[in-house]
Structure formats: C-alpha cells, structure tokens
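Across the two complexes that follow, chain A remains constant while its partner is chain B and subsequently chain C.
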Partner chain A sequence: MMGPWRSFVLKASSIDISTHKHSLVKSSLESQLKTLLPRGRVFTSAAQLAGYGADGLGYKNHIPDAVVIPADAEELVGFMKGAKALHVPVILRGAGTSLSGGPVAAQGGVIVHTSALKRIREMNVKGFWCEVECGVALNDLDAALKPHGVFYPPDPSSGPVCTLGGNVASNAGGAHCFRYGVTSNYVLGVEAVTLDGTVHRFGGPAGGRGPWREDWKRFMIGSEGTLAAFTRFWLRLLPLPEKVWTFRATYPDLKTTEAAIHALVAHTSYPAAIEMLDPRGVAMVESSQMACGLPEGSFMLLVEIDGPEPLVNARVEPVAELLRRAGSKDVMFSDEDELRKKLWKARKAAGGLLGQLSPAYVVQDAVIPKRALAEVLQLVYDEADAAGIPAVNVFHAGDGNLHPNFLFDSRVPGDLDKVELISKRLMQRVIEVGGTLSGEHGIGNDKSSYMPLVFGPDSMRLQLAVPASFNPAHQMNPLKVFDNRRFAA
Partner chain B sequence: MTPALQSSISRSNYFSNCTHCGFCLAVCPTYKLTGDENNSPRGRLRLWSEEASGRLSKDKWTDFYTEECVGCLACETACPATVPYGELFEQTRHQHVASNRFKPKLQLRLASAAVQRLLIFNLAMLPTRLLRRMGARVHRFLFPGRPAVFQSTAAYADELMQRHRPTGPRVAFLTGCLMEAAFREINFATLRVLIENNCRVIIPEGQGCCGAFQEHTGLDGVEKLRAQNRRAFCSLDVDAIVSNSSGCGYALGKALHPNQQVRDVLGFLGELGPVKRQRANNDETRVYVDLPCHLVHGQKMEGIPTKVLDATGYHWELAPNAKDCCGSGGVYNIQKPENAHAILKEKSAFLNEAEGAPVILATSNHVCMMQWHSAGVAGLVTRPYEVRHVIQLLDPREEVFS
Partner chain C sequence: MNVFPPMLNERLFVPFLDEVDGTLCLPASATAAEIAAQTTLYQLRFPLLLDESLPLRDQITATTHASASCRFGPFCDNILGMNWRLPSGRIARIGERVVKTTTGYDWLRFLLHSGSRFGEPTDYVVRLRPDCGFTVVALFEGTYTALENGVSQLLHSGWMHWWDAVDFITDATGSKVRVVVHCVPSEAAIFVRQLERIASSIHAHFTLHQPTSPPFDGLPDLVLKTTVDRVQSLASELSREVERSIAFCYCGVLHLYLKPGVNLTERIHALAQKVAPELHDIGGDWYSRWLPAMPPTITESPWLQTLEQAIHDTCTP
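Take a look at the complex of A and B:
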C-alpha cells in the first residue's frame, strides 16, 4: 500500500509546485506589464487570452501568456523599451485576420494588440499621400479618402477589418494588385520601434527621408513582426479612377478559362483585376446569401478595367469580345455600382463562406508562372480528390497567385495530416515550375516549414541574420517565417 | 437522442462554422468601442465554444464579455459563414441567468415579470401615459407624445373600423407591451395609416408581449409568451401579420410558424404604396432616418422602403451609419448604460450640425426612439430635435410637439 500512496503524494505535490510556480511567473509578468502600460490594458485571465489564440487560420490555437492593448503610440514605445526585460516573446497584432498564423503566440509570450492606434493623422490630398497609425482599418482609410477623390490601391479581401499595420507586416496584396501592385509599392515611409525602445523612421512622405537609407524600408515591409513594432506609415495615394467596368464571364472548363486569362494579361486594356472562381467556389457562392446567379458547374472570371471615362468605355467591347472568343457564352458587364459591389462582395467573402461548408480550412498562397496555371490546378484537384479532401479555388488569376482552400475537420483524426501532405506536394510542384510560397498572406507559422523548399542553406542563414541583428534572441514573433527561429530566453 | 444533447451538438456545429475570419469585428459596436477581441462576436464565440468543449473553465471574464454584447446582430449580416450568432447568444445568456452567472438589474427583472401580465402592466403604466399626455418630462427615455390614457388600441381600432369601413387586405396587428402601455400614440397612428390605406385591421385577442424583453434579459418566460402568441395569431385568416416595432416584429416572427411571416408595417406599406402627405413648399423640416438593428440585421430588410419615406412628404435622408446600432439594444441602455452612452455619443454627433428646422430623427422601433431621445437629455445633442416613428410622419393626424 505504501508505494502507490507515496507516489500519489509526490505526484500531487509536484503538480502543486509547478502550478504555483506558473501562477507566480504569471502574476509577476502581469505586474511588470501593468507598470509598462499604466494607461493601456493588460489581460492575463484564461478567458481574456482565448480570443487571441488564433488569427484567420482559426483551427490553429496558440494561447499567449498575456495580451496588452497600448493606449497610444507613446505607450507602445514605452512597452517596447521594457519588453526585452520581460524575457518572453513579443507578438504584434492588428485585427488578426491574416491567413498564415502570423500574429499568434506560437512560442507563448505577450501579444500587443494595436487596436487603439487608429488615427488617420494626415491626408495630404495635393501631395497624394497620407499618414496613418498602424491600427487604422483599411476600408476606414478608403472611406476617409474617397470624398477627396483619391484612394489607396492595395485591397486584401479582409479590407473591412484588417489594419494597415498587418498589411505592411505581411506586404498584403488583393484583387486589384494585378495592375496596381502590392503594399510595398505604396509605402513611402515606416515608423518602427525596436526592442530597445528606439524609434526609427524609414523613408517618409513626398521624398522625405528618415535617418535610414531609403532601401532599408523594404526590410520592414513584409517582415511579419520579426524586426520591430510599427507605429505609423506614410502611404502613397492615387487619383480615383474616373470610370470602372466590371465583367463576369463563365467558362465550361479549365482550358478555356486559362486561355481567357492569358489573353487578358496580354491585352492592351491592362485590366486592374483578373479573378477566378472554380465550380466549387461558384457553387459555394450560389448556395449562400451572396448568390448572384452564376451558372452551375462553371469556372468564373471576374475582370475589372478602369481609368479615364472615354478611354475605358472604348475598351469595354474589345474586352467582352476577348472573353467570348476564349470560349465564354455568358459574358456580362456593368458600370453600376450596386451590381459591381455584389460581385465583389461574393468574391471577397469567399474565405468566410467556406465556414458554411467546413469547420476548418487551410488556404495556400503560392504564386506560379501563369503558363503552369492549368497544370498546377489540376494537381490540386487530383491530390485533394485522391485524399478525399474537398478543395475550392478562388484566386488572383492575373498574378498567378493561387488560393486553393483545403476543407477539413480538425476534430477528425488524420484530416489535418492529409491536408498538410497535399500542401507539401503542391508546394514542391510550385517550386518545380518556378513559383514561390506566398504572394500576399505571408509565411507566418503555416508555411515556414516550406521555406527550405525554396531557399538554400546559405540564403536561409543570411535571411535569418536580418532579424537576429534587430533582436539577437529572436524575441520578436519567434517561430514565424523560419521554423528554427526560436526565442532563447 | 435527448433534446439537450441534440441542442448541444447543433450548438457545437454552429460554433465550428466560424472560420475566425474577423469580418464581424468591423461591425461590432463593443469591439469598436473597446478594441478588445474578446469583446467581439468571434471572441465571444470562441469563449463559449472553448467552455462548451471543456477547454476553458467557467470564468468571470466569459460572463463579462457575454454581458457586454449589445445583441444588435450586425455580425450576422457581416458573417459569410452564416453563424447564427443571435441564437447562440440568446441561449448562452439564458443559461448564464439560469445558473446565476449573470443577474439582470432589478428594474429589468420586475419589468420582465410585469410584461407577462399585460392587464396589470397597462394599469401600472397608466400614470406614465397620463404624465406623457400632460407633457411632463419624467424620464430620460420618455420621448414626447400624447397617448390615450384609457382607450386601448383595440378599442380605437374598433372605432376606426366602424367609421371608415376599409375593404382592402386583412391585417393582424401586434400591439406590444411597452408600445401599448407607454407609447400608445404610435399604435394609434399606425391604425390611422393602415386604415387610410384601406387595410382592415384586426387586433387579435389574447396576444401577449412578443418575448423580446425576455430574450434581451435572458430571463424565463419566452416560451410561454411565444405559445400565447401562437394561439393568438396562428389560426387567423389574414393577409399579413404586422408589427410597428422592428424588435417586436422580429421576436414575434420567431414564435410563429415559418410560413407565417411577420411583416414590419413600413415594409408592408411600401408594397401597398401609402397615401402621400402634402407639406408646405416652404417647409424646412429635415428628417434623418435611422434603421433599427432588428429591422436590417434581425428581419433582414434592406431598410425602410423609399416609397414610404417619400410618402412622408418631408425632405429625408439616411442618418450617417444608419445601419449601425444606436446603443439601445433592447434593454442594453439600462443594463450597460456607460457603453450605450458611448455608442450613442458617436452615433448622434451629426445631429448637432445637421441641417433643417426643425430636425426630426425618425426610426421604426420604440426602444431606439427612447435611446435617441436620451441623447438630448444627456447633452450629447445640444440643438433642438424631435424623435418620431416613421409611421407618425405618415399619420393623417400628425402631431407636432416642438
């Protein structure tokens, strides 16, 4: 009787000690954070941390040790100054809509939610630039700019909620990037705070310079929170297009759709956006509240042209003719805002619509040369069908930026493994045809394991040296981008 | 399978519909107010599902964030995955109240009991009607109006029907609890408008409160009230069942059979094409129309039909962010007055600079009217303005109080 009894006592007391130790560490972290953020908010209760476990990749959960919401930029700078001494990872988070597991506490630590930094500080319409804090939501900026006849072109689908900070951190793109380019094409300057609390300005408005050489700004854009925290940006604006026409064309198969894409890309009308929904994407839209009368079983292209009115109007018929000639018997086009918005809403809500079909999904973000489009898409279907995993493709066809969505149920054992295997095979093929891992979502912790497929050991070593020079212990957003980038306290 | 198990499974499936895309954050009044993700629909869903699956133990913060929700349902409109957030929220709040995790304020508990006995409630509210009729400003929520003190909506309907003998569609009308007890003049205006538009109005006997009050508070009694209303409305041979309060209409819709749609009276009139009111050429009245959450996000109407708003004869426009919540949230402005005040502050700021003399803020839900009226009392709006139900602007006997 003595043996088991003694081991039970030992076991119970060891749990007690570790729990006690854990709560001591936690309460000490909490008090340190409260000192660093006297005006902001500090969360450490389990129920306050639960909401911050995941980004848009909802099935992956990483509970942080704490979450803080700095009251303003000044407090964020103060926090960064003291953050090193916390000896825990520091993760910056905008609205948490990313799809790559970027702003999550993969190695525990403190999530810094920048939701209070949401001021548009200046709109210099004549100079075609604006200055915004990092927590401004993309569509809020658009709404503020619109009455002045200017716009900020990058348009990721999460626009209603995603923040400029997240956009810059992941170098976000969007449907209209085909013509307009991605976030990095519009960032004039970045204000960033490094872990020692020093504030650095990379670039600035109207050719203005910070204390860093101009090109160093590019290190910050797309750095996924591994280098520094952002406080504000200076962004380049463009005049709003005078006229916009949106086309919708459906095709019976992949081959004709691909022909249309190739013709569009080379066409002198230079479309602003070329988007594609496959038959499963079409079915998903049509069975939802976003239904807009798309024929069953078809591949759909959503195309937009814009510019000065007489010029764009003259291009409408040639574009429609091009779409027909490629094999569409169903080309529709409109310049009516209501109709256009409806189509775009259906396209942009696609990620969320997947929730109606499946409890979880993984979306890939590979970019491939357009010549390989049909081949790689066929591979997606074949692999997914063979594994019994539904795949839905809704993506930026003009850029060759694929978004195959693999639907699964994380509660079903083995489902996730199948999805990961398909993803890996897909990535291998993407690399073989000369493509790359990510067009706009970032690497996060979802695609970090694929990095060695693209980059050799020397390149990886040098790339890792960049975050290491900003925070040698890799305290900023560890386990992101690089699998082995672990914070060593 | 037991109903409880079935319900817990369907809950869990609904939870898993949420892909965590975050579209709900942009429209959630409490997220916008606090910037705290737990205080958003996807945050709350996560808390409830984690607790339901046993990964999170009961926590006072889960209770806190649940209580914080206004229940405006803007997230349901924004949600591409069609998570039935409102239903999950109501279930959760009811569970929290039943297990003493959340206790609605005393006045709400008393009111909830009272509205289940309409006769007593109407009697108890007689002084309120009297004071309103006399023009006394007794409470920040009581907007001006001249309700009948003794004559009921049903009696007035009889009188009007006898006098005018309309021959058009047969319409059953939900008189409501607070609408009948305190804001009866809006019911009367509704009757006049419906009958002027040739509708035969029936006031079903034995109808009760729609149950929205219990849904908003999480208190017991919803099922009983729904059953009572099913008895009162379901066997009627009518062309439409209408309500003049979007929250009540939405709640009654949940009680009745799916094939018996409850229509908002303004939506119904929009189809009929209501009689247009004439205004003087030099009338400088400007009407700002705010859309109740339970009209656009609950009943999923696009808005108040343009035909109806044009028929008021006034120069009208939608209030800025008309589809956003005003902070009323049924009883939210009583349960969480600080949040409701902060939401209203942002929402009502435009009125201070709004053009028009006089300025009217019009909506179609009495609790929103109460909230909008309180903006003046609280000093958020410092210029004079009137709060009216849109139906009152169509009323052949429209009264002006300014």
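Take a look at the complex of A and C:
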C-alpha cells in the first residue's frame, strides 16, 4: 500500500518543486525584461500569453514564457542588445497572421510584438518610395498612399491586419502577384538589428547595397525572423492603375479550367490576377449566406486586368472571348466598383468560411509548373477523399501557387496524422513535378520537415550557413525554416 | 524530426523550355540570338538584354538592370534559378523554375551579382514574357526641363506599367528621352496617341522608329544605383565626363559609357569615388566590370567567412 502512496507524494512534490523553480525563473525573466524595456510592456500572466500561442495556422499552440511590446524602435534595439544574455529564444511577431507556424514560441522564449512601431516615416511620391516601420498594417499603408496616386502592390488577404514586418519576413504575396510580383520585388532596404544590438541598414531608398560589399538584404527578406529583428523598410511604389476590369467565368471540369489558365498566363493583356475556386469551394460559398449564384459543380476563375482607360478597355473583349473560347458559358465582367466587388465575393468569402466550417484547417502553399495543375489537384482530391478529409482549393492559379485547405478536427484522434500524410504525399509530388514547398506563406515550423525534399547536401550546407552567419546559436526563432535549428542556451 | 531522409542529389536543372509557364533553362553562355531561336516559335521573349552577341552571363555580371527593367524589374526578378559552380568545382542548384518561392534563404538574389567570390553560374532559368509582335521606339528631344517634365508624365500615371523602357540618354548629340513600347499591333495607335500627347504638352521634338529588335546599348563601364528622383539630374551632372549615359528613369539606375583609351580604369575609379558617398547615403551603390569589387566592411567580413567556410565544406563528403 505504501508504494503507490509514496510514489504519489514524490510526484506531487516534484511538481511542486518544478512549478516553484519555474515561477522563480519566470519572475527573474520578467524583471530582466522590465529592465530592458522601461517604457514598453511586459506580459507574463497566462491570460496575457494565451493570445500568442498560435498564429494563423491555429492548431499548433506554443505558449511563450513572456511577451514584450517595445515602445519604439530605440527600445527594440535596447532589447536586442540585452537579449543574448536572457538565454531564451527570441521570436519577432507582427499581427500573427502567418499561416506557417512562423511567429510562435516553438521552443519557448520571449515573443517581441512589434505593434508599437507603426509609423509611416516618409512618402516620396516623386521618387516612388516610402519608409515605414515594421508594425505598419498593410492596408493602413495602402490608405495613406492612395491619395497620392501610388500603391504598394503585394496584397495578402490578411491586409487589414497583417504588418509589413511580417510581410517582409515571410516574403508575402497575394492575389495580384501574377503581374505585380511578391514582397521581395518591392523591398529597397531593410533596417535590421542583430542579437548584439547592432543596427544594420541594408540598402535604402535607392535599393542598392549601400556601403556593403554584398547585398545582404536579399537574405533578410523571407528569413522568417531567424536572422535579425527588423525595425523599418524602404519600399518601392508604383502609380495606381486608373481602370480595372474584373471577370468571372465558370467551367465544367478541371481540364477546361486548366486550358483557360494556360491561355490567360500567355495572353498579351498581362492579367494582374488569375484566381481559382474549385467546386468544393463553390459549394461552400453557395450553401452560405455569401451565395452568389455560381453553378453547382463548377470551377470558378476570377481574372483582373488593369491599366490606363483606353488601353485596358481595348483588352476587355479579347479577354472575355478567351474565357468563352476555353469553354465557359457564363462569363461576367465589369469595371464598376460595386459589381466588381460582387464578382470577387465568392473568392474573398471562401477564406473566411473555411474557419466557420471546420474547427481547424491546414492550408498548403506549394507552387508548381502550371502544366501540372490538373494532375496535382487531382492528387489532392484523391488523397483527401481516401482519407475522409474534406479539401477545398482556393488559389493563385496564374502563379501555379496552390492553396489546398484540408479541414479537420484536431480533437479527433488520427485526423491530424491523416492531414500530415496527405501533405507529405502532396509535397513529394510537388517536388517531383519541379515545384517548391512555399510561394508566399513561408516555411515556419509547419513545412520545415519537408526541406530535405528540396535541398541536396551542398545546397543544404549553403542554406544553413545563412543563419550560422547572423545567428549561430539559433536564438532567434529556433525550430523554424529548418527543424534542426534548435537553440542551446 | 525530419520525416524525409536527406536528399542524395542536388536536383540540378537540365535545359528545358516550358511554354506554359514561360520559363527557359539555358547555358549561362547563351546569347540573345540563341535565346530568341528557342523562344520565338512560342511567341515568347526575354526582354532584359543589353547586347546581341555577348553571353547572358556577361550581361548579368556587368549590371543589375537593363532598359526593359522599367516594366519587368531587374535581372534578379527575371532569373528564377541557376546551376552554380562552387569554387570547389561542385555544382549546386540555386533557386527554382517556378515564379514564386519563399522556400529557404534567398541565395539566388544574393549570388546573382556577387562577382566570382562564391563561384559562377553555369545555367540560368529565365522568366519569359509574351512576344506581342510589335515594337516602337519614341524619341523626345528638347530642353532639360522639358525632358524632365516629360519623364515625370511618363512615369506618374498608369501608363508607366506599360512602357518597356523610359530612358534619359545623354551623348555627343545632346539629351533625349527614349521610350520603348512593345504591344500587339492593334494597340500601337493607342500608345502612340498618348506619347504624342505628352510630346505636345512639353513642346519636345518627337520621332517614332520601328526597329526590328529592341535597342541593344552594350555593356556599361560604370553602373550607378540611385533613387528615381535623382537619376536624371545625376546623369546630366556627369554627362561631360562620359561619352554616353543612359538613365533607366523608373529604376534609378545610370549606365555610364566612357571613352575607351588610356587610363580607363583610373577614370572609372575617380568617377565612382566622386559619387560613392552620395550613393551610399541613400542605400545606393556603384559597380564596374573593369574594377575589383569593394573590400568587405569589418562587420561583413565574419559573415562572408562563414559563408565561404560552408562553400568550402561542400568538398567534404
């Protein structure tokens, strides 16, 4: 009888000791953080930390040891100067809308929330550039630029809340990337703070190397917080197109949809966006309050062209004719804002509806050569159907950037395993057809296990040399991008 | 824990042309004519070329931008992947064949203009664009103020997206603005009307030419990277010290061509030193194919050593 009792006492006492020790460590960390951030905020209570456990990926939860909000860039630099001595991981975070498990404390540590660095410092319309702090929300920048007749093209769907720091860290894209390109095409300069608190300015308004021998900003963009903290950026701007036409067409099957996409990407009207919603996405929209009359079982293409009025107007009928010739019997198009919004409705609604339909979902982000679109989508359907996991495809067809959404319930034993198995088979096929793991979401801790599919021994050495240069102990955002990036305090 | 065993090979690119994606893998030694020979059949083109007969590698090594970068961006946005020969002789795959990637650190853009320190490209995967079949070159000639006004009008409207090139050129004959338009024949009149409207508003002398190919300006001796709002005035200030200059107005890039002859490298060096402080202040830079690369700063030396060590380690099994 004594055995189990003794065992219980020992267990209880060890929990007590460990909890006590943990709270001591935590209180020491808290006091160190408060010293480093006299003007900023330091959160350590469970209620305060709960909101920082996950990003847009949702189902993977990693509660940090603390969250800090530096009051400004100067305080962020001060924090970075002292961060090494904290001996805990440091994770930079903007709005937390990442879809790859990027800005989360996978190995514990301190999350640095950059929400206070939200100043648009300069807009130089004549020079087509602006200078912004890393916590500026994307749509706030758009709103500030619009009256000046210029815009910053990357447009991830999280625009109302996502920050430019997160956009640069994950090389964000969006619906209009087909013609306009992604974040890396628009970053002229990055101000980055390494873990010793040194501030480096890589590039600037002119977009070159600056006084450096090498163009280091290239490694910073898309580095997912693993190299340095960003404080501000210099971004390239474009004049706003005066006129936009939006087209919506539906197709009866995957083959004809693929043919339409192939014709569009080579068309001399240079569409800005070519988006696709599959029949499962159409069914999801049509059975919701966002229904907009799409035919059952159809594949929907959403296409946009823009430019000066006389030019873009001359391109309307050729694009409509292309969509009809490819097999669509219901091509709709408009240049009126209200009607255009209606045409976009199904595409925009789909993302939000996924969250309502399923307790959790994983969205993949592979990019494939477009000749393999139908084949790889069929693989998604076959694998998901066989596993009993609903899959909805809403994606950037012009770029070949797939976003299969696998809906599941993380509380159901085995569901997540099924999704991971489907994702693994999908990624293997993606690489076989010449594609890549991620087009705009980043790798985070969601796709890091697939990296050996992409990089051979030599290129893997080169990849790992980059964090080894700037952050050799992997204190910054460990276990991300490459899952062997573990911080050893 | 990795669910996949490490890869045993480097997935090197093999030559291909994907007419659906508009991508082409070809040797770094390929010339403009060799590229055109593969792409014309599919009504595709690679617009970022500076020279008709020199290898693509030499063109990309000489500068970051070409005239058509106004519309299509710098070389680094139009080269998607490379096979790269490391100093050890081993070849590694860098980048992708698809147009979008955020898989790992961006070695492609880092290496593309890094000189020979880390090795050299053996093959490129380039992004092609639709060949619309019709090219027209417009020349505006007038006072500096008129041309400055003209450039402003060309850039500060939605038309800017559709000019292949807006170049401010100075040479022995004076200054001019060159606009290159590439379009389907049915749209040519729309573009020409807009160009005539601008020429008329700035009282510039305006001529149109229909070349068989876009202009090949040759490799520059010195490349300066500055801001969009500074490049034209900088070109004008340096015009007396060079034989010819071409400013890519939207890119903030200035290609300088010096008179050949004695002391060429000294003259380039002097010019570079003169503008370097101004350029560095605004995150710009200079580069010349005739001069050795700048020495690394104290800060970047250890970073470079780490990268070089990794490259050296590629020899180790």
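Note that in this section the second predicted complex is superposed on the first by the 463 of 489 C-alpha atoms of A that agree within 3 Å, B and C clash if a C-alpha of one lies under 4 Å from a C-alpha of the other, contacts with A are read in each partner's own complex, and residues count from 1 in each chain.
In the analysis below, a contact is a pair of C-beta atoms (placed from the backbone, for glycine too) under 8 Å apart; a residue touches a chain by one contact, two chains touch by 3 or more.
Not measured: the values here are computed from a predicted model.
Colleague: Have a look at chain B and chain C on chain A after the superposition and call it: clash or fit.
Modeller: Overlaying the two complexes on chain A (C-alpha atoms) leaves chain C and chain B fitting together cleanly.
Colleague: Looking at A:367, would you say it contacts chain B, chain C, both, or neither? Reply first, second, both or neither.
Modeller: Second partner only, chain C.
Colleague: Quick check for you: in the superposed arrangement, does A:351 touch first (chain B), second (chain C), both or neither?
Modeller: first
Colleague: So, does A:69 touch the first partner chain B, the second partner chain C, both, or neither?
Modeller: first
Colleague: After the superposition on A, what does A:123 contact: first (chain B), second (chain C), both or neither?
Modeller: neither
Colleague: Figure out whether A:97 sits in contact with chain B (first) or chain C (second), or with both, or with neither.
Modeller: After superposing on A, A:97 lies in contact with chain B but is clear of chain C.
Colleague: Residues of chain A touched by chain B versus by chain C: which partner has the larger set?
Modeller: Of chain B and chain C, the partner in contact with more residues of chain A is C.
Colleague: Quick one: classify A:33 as touching chain B (first), chain C (second), both or neither.
Modeller: Touch partners of A:33: none, neither chain B nor chain C.
Colleague: What is the contact status of A:308 with respect to chain B (first) and chain C (second): first, second, both, or neither?
Modeller: So A:308 only meets chain C here.
Colleague: Quick check: superposed on A, how many Å separate the nearest Cα atoms of chain B and chain C?
Modeller: 21
Colleague: Could you pull out which chain A residues touch chain C in their complex?
Modeller: 124-129, 149, 170-171, 173, 177, 181-182, 184-185, 188-189, 198, 200-216, 218-219, 221-223, 234, 238-243, 262, 265-268, 270, 306-308, 310-311, 314, 367-371, 399-401, 424, 431, 434-443, 449-470, 472, 481, 483-484
Colleague: Residue numbers of chain C touching chain A in their complex, please.
Modeller: 1-11, 18-23, 43-44, 73, 76-77, 86, 90, 92-94, 96-107, 109-110, 113-114, 130, 132, 152, 155-162, 183-184, 186-187, 190-191, 193-194, 225-230, 250, 252, 279-285, 293-297, 299-300, 302-304, 306-307, 309-311, 313-314
Colleague: Using the touch rule from the top, collect the residues of chain A that touch chain B in their complex.
Modeller: 41, 43, 45-48, 50-58, 69, 95-97, 113, 115-116, 118, 135, 137, 139, 158, 160-162, 288-290, 349-356, 359-361, 409, 411
Colleague: Which residues, counting only chain B, touch chain A once they are in their complex?
Modeller: Result: residues 13, 16-23, 25-27, 35-38, 40, 42-43, 46-47, 50, 56-57, 59-62, 65, 78-83 of chain B touch chain A.
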